Structures are given as structure tokens and as C-alpha cells.
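Letters A, B and C mark the chains in the order given here, with residues in each chain numbered from 1 onward.
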Amino acid sequence: MLYFSDLLQYSDVFLSALKTTVELTVLTTILGVVLGTVCATVRQYGNRAGQRVVSVYVELIRNTPFIVQLFFIFFGLPAIGMMLSPWEASMIALTINLGAYSTEIIRAGLASISKGQIEAAKVLGLNFRQTLTRVIFIPAFEKIYPALTSQCIIVMLGSAVISQISVQDLTYAANLVQSRNFRAFESYLVTALLYLGLSILLRFAFNALGKRLFAYRTSN
Amino acid sequence: MSLVNLHQVHKYYGDHHVLKGIDLDIKAGEVVSIIGKSGSGKSTLLRCINGLEQYQEGGITVDGKEVTTEDIQVRRLALSVGMIFQNFNLFPHMTVGENVMLAPTIVLKKSKAEAEATARAMLEKVGLAEKFDSFPEKLSGGQQQRVAIARALAMSPKVLLCDEITSALDPELVGEVLKVLEQLAKEGITLVLVTHEMNFARDVGSRVVFMHQGKVWEQGDSKTILSNPQTDELKQFMGAVL
Amino acid sequence: MIEFSNYDILRNLLFATQWTILLSLAAFIGGTTVALTLTAMRLTRNPAMQRIVKVYVELFQGTPLLMQMFLCFFGLSMLGYEISAWGAAILSLTFFTSAFLVEIWRGCIDTLPKGQWEASRCLGLSFLQTLRHIILPQAIRVATAPTVGFSVQVIKGTALASVIGFVELTKVGTMLNNATFEPFKIFTLVALIYFMLCYPLSLYSKHLEKKFNVSR
């Protein structure tokens, strides 16, 4: 038998955990995409050394598990003198992780902008920064927006792992509750559904945001 | 006796009434050219005849048997109706020979040797015997379309449907495909072709069907109708094409 | 306290790597099998079947892999189905892998022109014959690179099995860390081993993709 009513008394725990997960998600999504944009720009238009550094960063992150990255940052870095709280370590790990994936995605977007566009901007007298922000970024992001936002959702779901360094997120709450009332199945099921709701909600939010960001297509 | 018969065929895409009561009767050995503006329902008509599209009212028979989109029915239908598409639709992962041999071996269950003999004969007929082992991507558009014709012929269909089969070709390649069609017409194969090649329709075709707004607007003997169109719509259409 | 030399650490990690590889293989095989079944269900064009596949994908792509593992491990045993960490890890990784593969393959099949289906139909091929002779051979060519690429995600996914106590590379890493208090060294080594497993696959996937793009 399933007893979901046993979970009701823990609704406060779940709510505050939900808040933690959402806060971290919003923060790391913004930071990660900014990091990815910078790295992708360097990778696409930067000098040889810059490109090399970005490549190494991207490949290292994409080819190792997030949980190991998290443990390295949380347990490993203090050993060389960098103390971090669980929350800080999680935020850094998530940002670095999303940064690497979004670098790849955004770079594909940048690569899809034709040379002609860039040359036209040059002829018009725009400098490099203006060309980037006015001519390249918007169509490039529009092209990769679906891939980028799915990646953000994947990273949000991956954040479940930060419970392992005692950040009090949704997964932490699930573990806590099931250890108190021994209703593991119900507790995890409810938490899984909360994550599902969160990912559906995020998708809606991203779609709505996308409509606004790329409104120039439909207006006029 | 009629080979293909359409009786009051109506076809809708949702609310969009595309075919509005088509009556058409095609006898064995006829070469029927279907002409008309883009969007008048020519492709839809062909796709209803070979069971790719479901029609909502009326009836279609091929060789006396009713046409539906039921899978089994379409497969039986494929034995009497061949289809050539505007963009060839060859199978890119197979050689020319394999393209032509596939259906005879797995649908007609012919032996490999027999299928190969047929395939070579059909490729010979379209002038591509030496391309048996090439892959489609190595061929020009005109050659690909001729392979598609050979592939359809290998099933020895009673009627061959062609939907604007020269429209995707470079102008200099159109001739080689039309020549093959002309050859087939001479051999007495029944052809139903949607085409914009008015000269071909006049000189090779036996009948022209002019479609307008989902209806057979005007039809008749190809030479008469093209030199002496009756309706304003056909006059206008011919003015635009010529 | 036992002293661990560098040699001991490496030996233990490499031994554990075998379990990571084994778990990855099992999950990949399980995931491919289930994904093939789901793809077949999707291709039947039966609306009920397609809905089932859609919900399946939504469910397993929309929830954390870690949560799926907890549900399989703690959840199932609480419901009275005894399951080992190894079994729970394989089960949840199979769900995870298949949910992503079925979507990847869907993209591959959908890129094939509709004309391929129509031409086959007009030649009298049945649905299964079309699938076997026309669609699958082409789809497999398109799907190989992204499938190899996804195997990297599977290997990385196995690291989460450490959380439910399955002793693989990450778990042995945390155990060694608790014994040696040398987190920097240990987690660097663990990360390097994962990198050496994953990076060749990433490269191979990129290579396949290039080869395919040139050939068409």
C-alpha cells in the first residue's frame, strides 16, 4: 500500500527544498549560459591559445561525470586551500558544467552565421563588439535556443546530485523524509514528480522567454 | 474496357475540398496528360489512384478492382500501378541494380537471377545498362529519373503514373526522360502524366485533361483541345504556359 | 589505519573501473533493446502506442536519473521486491538510456524523406519490408554517430550508482578518499580514468559524424 498522506506533514521541508533547487537552477542557468557565451566566442573568434584553453575545458567537463566534478570541487579544492561551502561548491560545479555544454551548443550557433553577414557589418563600420551583439548573437541564439534550453533542463535534473554534499535541495529532502517515516517509495515518487513538474514548468518558461527574445521575427 | 475509372471522387484535406467530384475513365494504351495550375489537385488525383491518399466520396477502380488505402490493398494495387515521382525517390543506399531488383525479389518473390535479368533489361530500355552497379548519387538527375522509370517498369505495371517527372531536372536533361516516355507510349504502356510539357502532351499524348479548382474542367483529344480550347480558363492557362 | 601507496590507490581504482565498464555495457545493451522496442511501437503509427512512448520519454527524461535510481533501489525493496544495487542500477540506467536513445533515433528516422516511404509503398513493399530494406539501413547510418556519442552519457550516468552503494569507480574513489584524506589526488585520478573511457568515444562519434557528412 502507498501512504501519501504521511508526507503531508513534511510539506514545509519539501517547499524549502524546492526553493533551494529553483534558486540554484536560475542562478546557474544564467551564469552557465554567460560562461558558455564567452567561451564559445573565444572558441570561434579568439586566438589559437584561447581556442586551445576552451577546448580542453569543454572536453574535460563533457567527458567526466558531474558527481566527480562536484566531489573534486567540494572535497579536492580545500586540500589546496580553497574552502567552499556545499552551496558554493554546487553553484560553481553546476555553472562550470552547464558552461561547457553550452559552449559547444552556442559555438554551433555562431558557426551557422555566414561570413557574408559579418563582412556586411564590417563594411557598415561596426566594430567587432558591435558586430557580435548586434549582428551575430541574436540569429545564432535563435538557431540553438531549443538545444540550449534542453541542456539547461538536463543540468537542473543533474543538480539532484548536490544532495550528496548535503545541500538541502529536493533530493536531500526526499532522503530526509524517507529516513524519518520509512516511506521511501512515496517520498521518492513525490520528489520525482516535483522534478517532472519543474522541468515542464522550465520548458514553458523558456518557450515564453524565447517568444519574447526572438519577437523581431513576428513583429512587422 | 476501362483500366482506371474514377467516379465522382471527392477528396478533403481537413476542411479543404481538393477534389470536387472527379469523373475520369482511362482505357488501356491511352497516354493521358493532366495539366492545370499549381494547386488544382493534379498530384492529389494521382495519389488517390495509387492509394497513397484516402478519398472521402465516390469510387476509384483500377483494372476492375476498387482502390482503398488499406495496406494490403495498396500492395496488391502496386502490382498494376507504377509511380514515378518528381524527385525520383531512389533508395540512396542501394546501387541502381539493387533499386530495380528490390521489389521483384521481395514482393513478386522472383529468384535473384530472374530479377537481375529483368532489371538489366529494364535498364537497357531506359539506356542505362552500364550503370547497373553505380550508386544513385553518382548519376545526373535525368539518369536518376530514368532509373526510377526502370524500377517501376520492373514490376510490369498496367499503368504508369508520372507526377511532373521532369520538373526537378535541368532543362538540358528533360529531353532524355521524355524520350524514354515516348518510347514507352509507342510500346503501348498506359501512361497518366501530370506535366507542363505541352509539346509532349500534344505530340505523344492521346488525351489531355485540364484540371481547374479541383474539377476536370475540360478534356479531349490532345491535338484538338490544345489547338482549340473551349473554356476561358484553359485559354488563359495555355497563354500562361506557352 | 592502513597506509595506501600510490600503487594501491591506482590498483583499486582500476579494479573498480572494470565494474564501471561492465555496468555501462549492461546499461547500454539494456537501453538499446528497450529503445528498439519503443521505436518499433512508435513506428506502428498506432496512436495509443505512440502515446505510451511519449509518456515514457517524458517521464524518464523529465526526472533526475538519481531519483530513478532511488526509486528502483529503495522504492522497490520497500514495496517488497528485493533488488540489489547492481540490479537497481542496471534497471534505472536502462530506463534512462532508452528514453534518450528513442528520441535520438526518432530524429534520425524523421530526417529520411517521406518519399522513401511512398516509393516503397508504390512498389508494393509491406510496412515491415520497407522498414527492413529501406528505412533501417539508412537510419542506422545516420544514427551511429549520435548513438556512440550518447554512450558517453551512459558511462557518466553509471557514476550515480555509487550513491546507492554499488561499488564502481566513483564509489571506490570516495572510499579511498575516506581512508587516505587525499581528495585532490584521488578525485583527479578518478576524473582522469573517466576521461580516458569517455574521450575516445567522443572522438569516435565526431569522426563518424564527419565521415557521414562527407559521404552524403
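Definition applied: a contact is a pair of C-beta atoms (placed from the backbone, for glycine too) under 8 Å apart; a residue touches a chain by one contact, two chains touch by 3 or more.
These figures come from a predicted structure and were not determined experimentally.
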item	value
Identity of the chain that, by mean CA position, is farthest from subunit A	B
Pair joined by the larger number of C-beta contacts - A-C, B-C	A-C
Approximate Å spacing (C-alpha centroids) for the pair subunit A, subunit B	54
Centre-of-Cα separation between subunit C and subunit A, whole angstrom	21
Between subunit C and subunit B, distance of the C-alpha-averaged centres to the nearest whole Å	46
Residue ranges of subunit A in contact with subunit C within the complex	59-60, 62-69, 71-72, 75-80, 157-161, 163-164, 171, 174-175, 178, 182-185, 188-189, 191-193, 195-196, 199-200
Subunit C residues touching subunit B - in the complex, by the definition given at the top	113, 115-116, 118-119, 121-127, 129, 133-134, 137-138, 141, 216
Touching residues on subunit C, where the partner in the complex is subunit A	58-59, 62-68, 70-71, 74-79, 152, 155-160, 162-163, 170, 173-174, 177, 182-184, 186-188, 190-191, 194-195, 198-199, 202
Subunit B to subunit C touching residues, read off their complex	50-52, 71, 74-76, 78-79, 81-83, 85, 87, 89-93, 102-103, 106-107, 137, 151-152, 155
